[in-house]
Every structure is written in structure tokens, then in C-alpha cells.
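Look at the two complexes coming up: chain A is in both, with chain B in one and chain C in the other.
Here is the complex of A and B:
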């Protein structure tokens, strides 16, 4: 008799949808049906019961092929290399639960290495701005129930967060937003006419890389200097700037959702810094909040877990042994890779092989490379050791933090069939590194 | 040049990065139609994209999500990252968007698979060149 699981969490984007319905075969080994989930999430659940999944670690052989080995051998190989390395780097965690992220912190503290997460290549600049300027944010529930003006700036949820608009921002009817989309004004600020812009009331076509100037123009208007604006700022006509500023100033409750368009472009953290300053200006006359469109379902997790463990959310240097150090540019993964500062790389719950600029991959590949990931990916296919693990939300449960930093308990729906979880694997590696440290002491 | 997410890329990535779906979803460059005419590029033909840090052959298309003249977009992933500069402005975040590239017609050149590009970059590719 197939078993139906209700309110399952989806392990794809930062929406961390927790209303998924999954039907599983009676032996608990196959996903039969997935409901209330986008096409991307569907593929993750389908992948969970794929016959092509590797269920044992694979070690690269001298002829370049991969040979299956036991978990015990893989743990020993990893621990020995961590023990020998002077500055190992463990990077990833977009697709791991908080329990795994805490165990990873234990491993790298014991090994004396660096610990970094995917924020380093996506919303890291947001952290830098938030440290400097605060974070006037809210939960997605507040957006659903209160917001009458929504701004997507440099983000394209129609593609990157497929259910964001329908679950939280534009379409849902909430407590004070009973008419849903009809009573909401949606503004998209983006250099492309995206599919998100296609459902907006206003599309502001900003010149790529000139967002800072446009933020500055909005701030001028809020400070009473709108008349002094040039005719065009960042390719946006003065009339449109004044029109959008008026809508924002008259909002009952507004939220700016921003994405990689700001953090990947020139200005980086300064774009976010001025966005937060604009929120401060707007909050003198209206109620405004801002939220980073976090990319992975638990990429907010390592920021939370490591902040309470070490005091910093990412780019952690734990080589000093008795204190943690964080300095993006110096201790960030891509920068360390480009300077050849690491002598071992562990890719976990992400794919640096596909998502790092290729020169950084080439530098990292000079040294031992371990990939801990449920899937075959570019990182696994160039690594010396690939260790498959459970998929959080499919083969194992755990705590994840949604993009608004709300913790959600994800559920297990499939039998892991012998696979270890990230937490189990990393704790075994940490135990072995501790033993080696004790023997060497 | 900008490199960002796309729905098709997300679905294909979860099917698998060695799959034909990922190959089809990510090895394209979305360009403005006027730019393509000016550069003598026919729709759905291959072009060579060169940046300060590398080059890659991708297929030129006019995307549904239009870009203005002078701007182009490769979906995030293996092909995009052959040309993304690793410079981070001391923030840790590479220049995934807003970097200059040269795009030139290359209709005779072949598209490489994701595995070919990544394994080839680190000297591990054993298939056909």
C-alpha cells in the first residue's frame, strides 16, 4: 500500500516550500508521485529513487577510473588527508541540513582548516552590507499577509524561485491582503525584460552594473531633491524614478526582494548597503522591509549555525586553532583558490566544478579533492574521492532555515538504503581526525 | 555579459549535469537581435565568446527574456563559468555579471559537453577533442 507524506519540505530553492505531498511505494524505496512542487523540486524527489544513484563511495584509481570502496575506507582516506593538510578548505552546504553543517564545523575545527559556504559566491556581499548597515527585514508570512507593494530588484523568481510569487509575494490572499494580486503593486527592476517583469505592473530597465546610481536617485527623491535629478539615471527616465518613488512612499507595507543582479555586479556589497539605506529613508514615511532571495533551501542555515558556533557566518579561517577569523577577500574560497593557499578541497552539498569560475577549479584541482554529494556532478567527476550521502528532505530529515531565517523541520520520505547522512559521515571523519591528532600530540 | 539562473537550467541540473537536458539548457547565449545582425550571427548558430579569463563556444539565440543592445546572457553553469572572471573585488564573490566579452561567429565550431569542458580544464578528459 503506497504511503502518502503530507507537509514535506522541498530541497531546492530558498522558498523551502513545506507543503509538498509525496506518495512513496510500500517498500519505501520509490517516489511514485509528488504534488504542490515546482518542476525543479519534482526532479529532486524523482532523483531520490533513481536507479543510477551511487550508494557507495568511489575512489579514483591511477588509470583515472573510479572504484567503489566502503564508507570506512572513505572516512579513513579523508581523515588522513585532512590530518596531513596544512590548510584544507571545506566549501558548499547549499544542500545540507543544519545538523550536517554543525558536524562540518566540528571537522574543520579539529583539522584546523577553512570553512565556507555558497554565500561566498552569492549573498556574501549581503552579509557585508548587513554587518555595516543593519537588516530591516520580516518573514515571508508578513509579506503574504501585509504587503501591498512588492519590488523585485535584480532577482527573477519566475526562474530561480518558482513558487515565491504564488506562495508569498504577489498572488496569495493574506489577512490584510484579501484581494491578493488585485491590490498589490509589483515593480521589477532589472536590465532584462524577464518573465518576472512580464507579470509586474512596472518594469524599470536599469543599465547593468548601475544599480547604485538608481538607488541613489531614489534616495534623492526621498530626501526632497527629486527636482534636481538628471533627466536620465542609469538609463531610467526621471519621470519613471519619480513615479516609482511615489508608489514606494505611499505603500502600506512594502518589501524589496533582491538577488544576484545586485551581489554579482559591480558594487557588490555597496549595492546592498545603499538598498538598506533606502529602506531607512522609506521607513520615515511608510513601512518597508528588505529580503535577500537566498538561492538554496538551507543556504541561510550555515550562516545561522556557524554564527552561533564561531561568531561568523561564512569565510571562516579556523587554522588559528584558538580563535576563528573571517575576512572575505582573504579567507573566501575563490580568493584562496586563486592564490593557491589551500592544499586540500572538500566540496560538500554543492558543485564547485560547475559553479566556480574555471580558473579557480584548476587551482583547487592541484591538490586532493573530495566531493560529498548525493549526485554525480562536475565536482564528483574530477574528484579523487566521491562520497554519496542522503538527500536532505528525501532520504533524511533535519532542520533548514528558509530565506527569511525561519527554521523548518524537513522530513524523510525514502528509505536511505545504507547511505549515511552528512551528519553521520562528518562526525565519523571528525572522530578519526581527533584520534589522529591525539596520536600525533 | 551577465550569467544568471534559468528555470530550464534548474530542471536540467536536477536531472543531471551529464544529461542531454543540461547540455541543451546551458550552452546558449541569449543576445539582442540587433547585435546579432551587426555581428553577422545567424540565430541558433554557434559563436565563440571570449573574456579576460577564457573562452567558450555556445549557441546564439534571441531569448524570450530580452536583453538590450550591448548586453548578453549565458545561463549559470559550466559554459558560463568558462568565461566568468574570478576577480572578487575583495568580497569573495566573483564577477558573475557585468564583465566585458567579445562574441564572434563560429558556425563551424563544435559545442563541448559539460564533462569535456571541466575535465578538459583540469587535464582529465579522455574522450574525443
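Here is the complex of A and C:
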């Protein structure tokens, strides 16, 4: 009899939907059906029982081929290289659970290396702005139950977060929002007429790379200088700026969801900084919150876990052994790789091979490279060692943090068939590094 | 079978009434016992002060807002202290942060002060798995966490209709779902109002839409708490915190407990714990006329047996304020214009965070400092008056030794007062300069161990050296017969124990971490008949209003670490 699992968490985007229904074959090895989930989420569950999954680590041979080895050998290889390396870097974690992220912190503290997560190439600018200006936010249920004005700025959930609008923001009927979309005003600010803009009441077509100016214009209005605005700011007519500002100031409860259109266009962290300042202005007259559209289902996780572990969310330099150091630009992965500062690289739960600039990858490739990931990806294929692990939410459960930092408890639906979890693997590596440290001391 | 005996120390144990007599304390298998065999490991405590492990009744050390504070304040890590800058790494993990230390530093630092059990004062139920993850990574300490109920939609609806039994069934369910220990109330109604940008400043301001007042919420929760017979009473952070003239609101709030009597099997006698009273005891009608109302408030507390309080002292440091009182933090940001975080939590609560510098040269801050100490010095019953800073709000817990110094030494208080630029203004607005009282070690043992443990309903486990209690002991380098005339030596002695013993294991020796066993998660398990109405209401709210499925909301058992339940049965 096939088995049906309800309330399953989805390991795709930052929506971290927890209402998935998965039907699994009698032997617990095959996903038969996936319901309630977007097209991308479906594929991740289906991939869980793909015949093409590797189930043993593979070590590169002198002739360039990859040969399967045991987990014990892979753990020994990784621990020995970590012990020898002066400045190893472990990077990734968009697709791992928090238990794995905590174990990774232990590994890199013992090994005395650097530790970083995908925020370094996506929402790192948000962290920089939060350090300077704070973060007035809320959980997604507050948006669902209260929000009468929704702003998507530089984000396109129709493609990147497929169920965001239906579960949390525009369409749901919440406690104080019983009429759903009918009673909400949706504003999309984007240089492109995206599929999200297509469902908006107002599309503000900001000039690409000029978001900061538009924020500044809104702040001028909030500070009573609306009359002084030029006729056009960042390609947006004054009338539209005044119209949107009026809507925002009269909101009962508003939320700005912003994405990489702000963090990775001109202005970067300054865009987020001024967005937060605009929230401070708006909270004098209305109620407003802001939220980063975090990309992966648990990319909020490492920032959370490492803040309680080290006090910093990303770009951690633990080489000092007695204390942690963080200075993005100096201790951020891409910068270190570009300067060829690291002498070992562990890619985990992401694909640096696909996401990093080519010169950074070329430098990293000069040194031992380990990829810990359930899938075959560009990073795994250029690695010296690829260690397959469980897929969180499929072969193992664990805690993940949704984009609003709400912890969601994921479930296991498939038999892991001998695969280790990130946590098990990393704790074994940490145990071995501790032994080597003790022998060396 | 492990045995330990602590010999010849001056023992201060208010629970057994030992007031500094020389006595031996025996521990076997982690518990205090009458005696041990001759094979027991022996610790010579002669010339030292021996107390039960410290109990912190109100602190913010684990959970989402604490952690957002850590995340948004990298500069807090630049306070190097003795344990940064490459000087020492004592435990297995590094220690980071000052006002909001990492979980590892929290465990180590409390242990060095001789504390072994702390109560996290605010857990948003929706975020409970996060709280338990941090408990897992906090070494040594036993930890409990109180879910917040003062702005919870279920409670609003039940209490508005006077359905105490249903409210009790809901709270029992939620304590199990979150592995929580008791009922926390923060700015009742005000945080829900803040979701619309408003607040409830007095106990009679109605909560928008829900048509209930803070007074009704507090009384209803007291009734619910006593209906259930929970170990702790309701734990209240009242309305209008931090504002000039708020002491009248505080007295109004305290009077809500009149006529209620504690009903429980845990030895607790209060029905209301009013936390961080310092922040609620101000006179004046503006910052210019700001003054102390410690006397007025403590006169009421002293004559009212069914109330306990904690101080919430200001330590004159740079710190990070954080509370589920969302509107207060917004208000504070409007005053100091520093960075501000806020997080409203669906159906349940909210929170805010603002860094704050308690600059001793600012008159209002000097007055706040004096108010906290005055509350301790005006207190007649120190078994009902506990030492806290509302960590990290009035200052970090690592300053407890300094507060002990101030409470024990007028000389130390005068020296601090003398160093203030606005000294005259502080003296004029407070009574502190004229107060000669100096607390003794027995008083301190009541305020830091025995009293909080009793108020939490846990004096058979914690804050006690009586047989049967957990083998948690702190030994201070302080000769009780020769208290040093230099108050700095008092602070030093309380800063680093000679020994801290956790369940029979020496965890600190000469102020250094030497072992780091894992602590327990303390929670309250209520057994009561199933309430179909409440279960139906819960299902309905999760279907319609929450964004997390009901089946994923309760913390999974394997995400709770070494739980230890206090059991309550309701027929």
C-alpha cells in the first residue's frame, strides 16, 4: 500500500510551504505523487527517488575520473585536508537544515576556517542595511490577516516564489481581510512588466538601477516636501509618486516585499537602508513592515543559527580560533576567492560552480574542493570529492527558517537508504578534526 | 554513583533557614543528600560562602528577538571583555558578544556567576522550535521558557466571554505544544493594538476590535492560572512601561490581584509576579519632572502578600533593549533615533529591539539607576523581591555582581552617585542618597536563589540546599565573617565563583569553565480532560488565520532537549 504523508514541508523557495501531500511507494523508496505544491517543488520531491542519485561519495582519481568510496574514507579525506589547510572555507547552506548548519559551525570552529552562506551573493546587502538601520518586519500571517497595501519592489514572486501571493500576500482571505484581493491595493515597483506586475493595481516602472532615487522621492513626500519633487524621478512621473505615497500613508497595514532587484542593482545595501528609513517614516502615520524575499527554503537558517553561535549571520572568519571575526569585503567568500586567499573549499547545499564569478572558481579550483550535496551540479562535477547526503524535507526532516524567520519543522518522507544527513556527516568530520587537533596539540 | 561533599563553608540557604552557619553540603548522584560515604570527593570551602546555584526568574537569553538583536548588532561583539581578544577560550566553543552574548557564552558566563537555572521570559509560541534550538546550544544551564499570552487572540476571545475553563484548556494545550513553563503577559492588549500602530497605555484602554481591556486580560489570566494550579503565577510586564508618571498605572495593575489566592501544590504563594518593577515606578509628567516612585510602589508591594516582583535594575552600560512590548520599542526609537527592529507575530504577539546607552551623565538615566536599587532597599520581604536587570534591557546579566555590590554597600552607591554629572538632579528626584540600608549575604541568597525558585514553584528542585534538591551549588571567595570593607572585592567575589557545581559536577573552578554538561528543558505538563470546543477552535484558527499548519506548529518531541516536566493534573 502506498503511504501518504501530509503537512510536508517543501524544500524549494523561501515560502517554505508546509502543506504538501506526498504519496510514497510501499517500500518507502519512491515518490509517486506530490500535491499542493508548485511545479518546481514537485520536481524536487520527484528527484528524491531518481535512479540517477549518487548514494556513495566519489573521489577524483589521478586520471580525472571519479571513483566511489565509503563514507568513512570521505570523512577521513575531508578531515585531514581541513586539518592541514590554513584558511579553509565552507560555503553554501541554502539547502540544508539548521541541524546541519549548527554542525557546520562546529566543524569550522574546530578546523579554524571561514564559514559563509549564500546571503553573501544574494541578501548580504540586506544584512549590511540591518546592521545600520534595523529591520521592522512581521510574520507572513500578519500580512495575510491585516495587510491592505502590498508592495513588491524588485521581486517577482510569480516566478521566484510561486505560492507567495496565494498563501501569504495578495489573494488569501485573512481575519481582517475577509475580502482577499478585492480589498488590497497591490503595487509592483520594477523596471520590467513582470508577471507579478500583471496582477498589480499599480505598476511603477522605475528606471533600472535608480531605485534609491525613487525611495528618496517617497521620503521627501513623507517629510512634507512633495511639492518640491521634480516632474520625473527615476523615470517615474511626480503624479504617480504622490499617488503611491498617499496610498502608503493611508494604509491600515502595509508590507514591502523586496528582492534582488534592490540588493543586486546599483545602490545595493543603500537601497535597503533607505527602504528601512522609509518604513520608519511611514510608521509615524500608519503601520508598515518590510521583508526580504529570501530565496531558498532555509537560506534564512544559517543567519539565524550562526547569530546565536557566533553573533554574526555570515562572512565568518573563525581562523583566530578564540573569537569570530566578520567583515564583508574582507571575509566574504567571493572576495576571498578572488584574492586566492583560501586553501581549501567545501561547497555545501548550493552550487558555487554555477553562481560564483569564473575567476573566483578558477582560484578555488587550485586547492582541494569538496562538494557536499544530494545532487549532481557544476560544483560536484569539478570537485575532488563529492559527498552525497540526504535531501532535507525528503530523506530527512529538521528545522528550517522561512523568509520571515518563522521556524518550520520539516518531515522525512523517503527512506534515506544509507545516505547520511548533513548533520551526521559534519559531526563525524568535526569529531575527526577534534581528534587530529588533540593529537597535534 | 558519584559523591561530593563541600566542607566547612559558610552556608546561606533561606529555604532551610541556614544563615551563614558552618555546614557541610553533600551531593550524591546529582542531588543534595543528608550524608555521603567516606569515599566522596571533598571540596574545602572553609573561609568561603556557599549558596545554592543561582536562579534567574526573568532574562532574555534564547529565542527569536534575542537572536535578531545579536544579528543586527555586530558592534556588540567588539566589547571584548576578559574572554575575547584571543586571551582565553575556556570551554569547547568560543564566547562572543556583550549585552546579547551567544548561547555558548550565555551558558559559560552564567555558570561563572554561580547561576545554574534561568527562565527565558518571553517565547512567541509560533517560534517555539527556535527557542528550543537555542536551548540545545546553551551549555550547562537548565532553562525554561514562558510563552506569551497577553496579546493572544484565543485568550482575548475566551476571556471576553469569561470562559476560564476554555482558556485554561487552550493554555494547557499551548504549554504542551511549545514545551513552555508558565503564563507570560507583556503589555496586555497593547502589542495587539501595535499591529495597527496603536497602544494600550492604561489598564482600561480597550484593545482595538477585540473589545476587551488590559485589566480584563490580566484578571482572566490570573483566574486561569489558579484554575490550572501552575507552578508559577502569571508573570506580568504591565502597560505603559518606561514613561514618566507611570507608577499610578502600575498600582492600578498590582491592585488587579486583590482578592485572589494562590492555589497550587508547588509552595507558591503569589498570584502575580510583576517583573522589572523599576521600569514601572516613575513619577513626573515629563522627562524634566521625572522622578522615583519606588517608595509608593513598594509600600503597596510590602503590604500585599500575594505579589512578587523583580527589580529590573539599570547598570549604566551600553546595551540592547528588547521586548514583546512592540509599541514601547517604537516609542524608544523615537526618543533615541537609533536602529530599530520590530517583528509582529500572527495571532500571538510582537516584539521590538533598540540599542540603548544608559549614560550615567544623563539625569533620567541616573534616576532610573537609583529607582532599581531603591526598590531592593525598600523591600521588606526579600523572598518576594528578586534581583534582575531584565537582561539585557536594564543591562547585561553579567553585571549582577555589581548590583549585589550596590545593594550591599552604601559606600559603593555613593561612589557611583558622586561620579554622575547630574548628581544633584538625581539626588533631588530620588531617595537613594538618604538610604543607609545595606543588604547582607542572606538577603542576597533570598533575592537570587531561594525567592525566585519559590515564586517559580520549584523550590524543591532549585535555589535550595535541602536534601532532595538538585545538586547545584555555588561557592564564592567571600569570608562571611569578614566581609571586605572595599565594596569592589564583593563585586569581584560574585563575578567568578571558586566553584560552581551543576547536578554534582564541578563546572567552574577558580572562575574558569572546567566541564560543560548539558542542562535540562523545564516545562509544565498539564493533564486535563479533553475540551472538544477548544480543539475545534484551535483547528478553525489554524485553517483560517495561521500560515503554519496545525500539525507542524507543536514542537516535535525530537526538537526538545532533555525535557523535565513539572506535572499538573486538573480534574
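Structural remarks
The definition used in the following text is that the second predicted complex is superposed on the first by the 441 of 441 C-alpha atoms of A that agree within 3 Å, B and C clash if a C-alpha of one lies under 4 Å from a C-alpha of the other, contacts with A are read in each partner's own complex, and residues count from 1 in each chain.
Throughout what follows, a residue touches a chain if its C-beta (ideal position, glycine included) is under 8 Å from a C-beta of that chain, and two chains touch if they have at least 3 such contacts.
Predicted model only: the values in this text are computed from it and were never measured.
In the superposition on chain A, contact of A:192 is made with chain B only, not with chain C.
When both complexes are overlaid on chain A, the residue A:134 reaches chain C alone and has no touch with chain B. Of the two partner chains placed by superposition, A:226 touches none, neither chain B nor chain C.
By the touch criterion stated above, A:304 is placed in contact with chain C alone, chain B being left untouched. Judged by the touch definition given at the top, the superposed model places A:176 against chain C, while chain B stays out of reach.
In the superposition on chain A, A:28 makes contact with neither chain B nor chain C.
Interface residues of chain A facing chain C in the complex, by the touch rule stated above, are 6-7, 9, 18-19, 98, 102, 106, 109, 127, 130-142, 144-146, 167-168, 174-176, 252-253, 280, 283, 286-287, 289, 303-305, 307-313, 318, 320-324, 326, 397, 399, 401, 405-409. Within the complex formed with chain B, the chain A residues making contact are 12-13, 39-40, 43-44, 47, 52, 64, 116, 120-122, 124-125, 128, 156, 158-160, 162, 191-195, 197, 205, 208-209, 260-261, 263-266, 268-269, 295, 314-315, 328-329, 332-335, 337-338, 351, 353-362, 365, 375-378, 381-382. Touching chain A in their complex are the following residues of chain B: 2-7, 10-11, 13-18, 53-54, 64-68, 71, 73, 76-78, 81-82, 84-86, 88-98, 114-115, 117-119, 121-122, 124, 126. Within the complex, the chain C residues that touch chain A are 62, 64, 66-68, 70-74, 76-77, 80, 84-89, 93-97, 100-104, 126-130, 133-134, 137, 153, 195-197, 209, 330, 333, 339-347, 350, 353-354, 544-549, 551-552, 555-556, 559.
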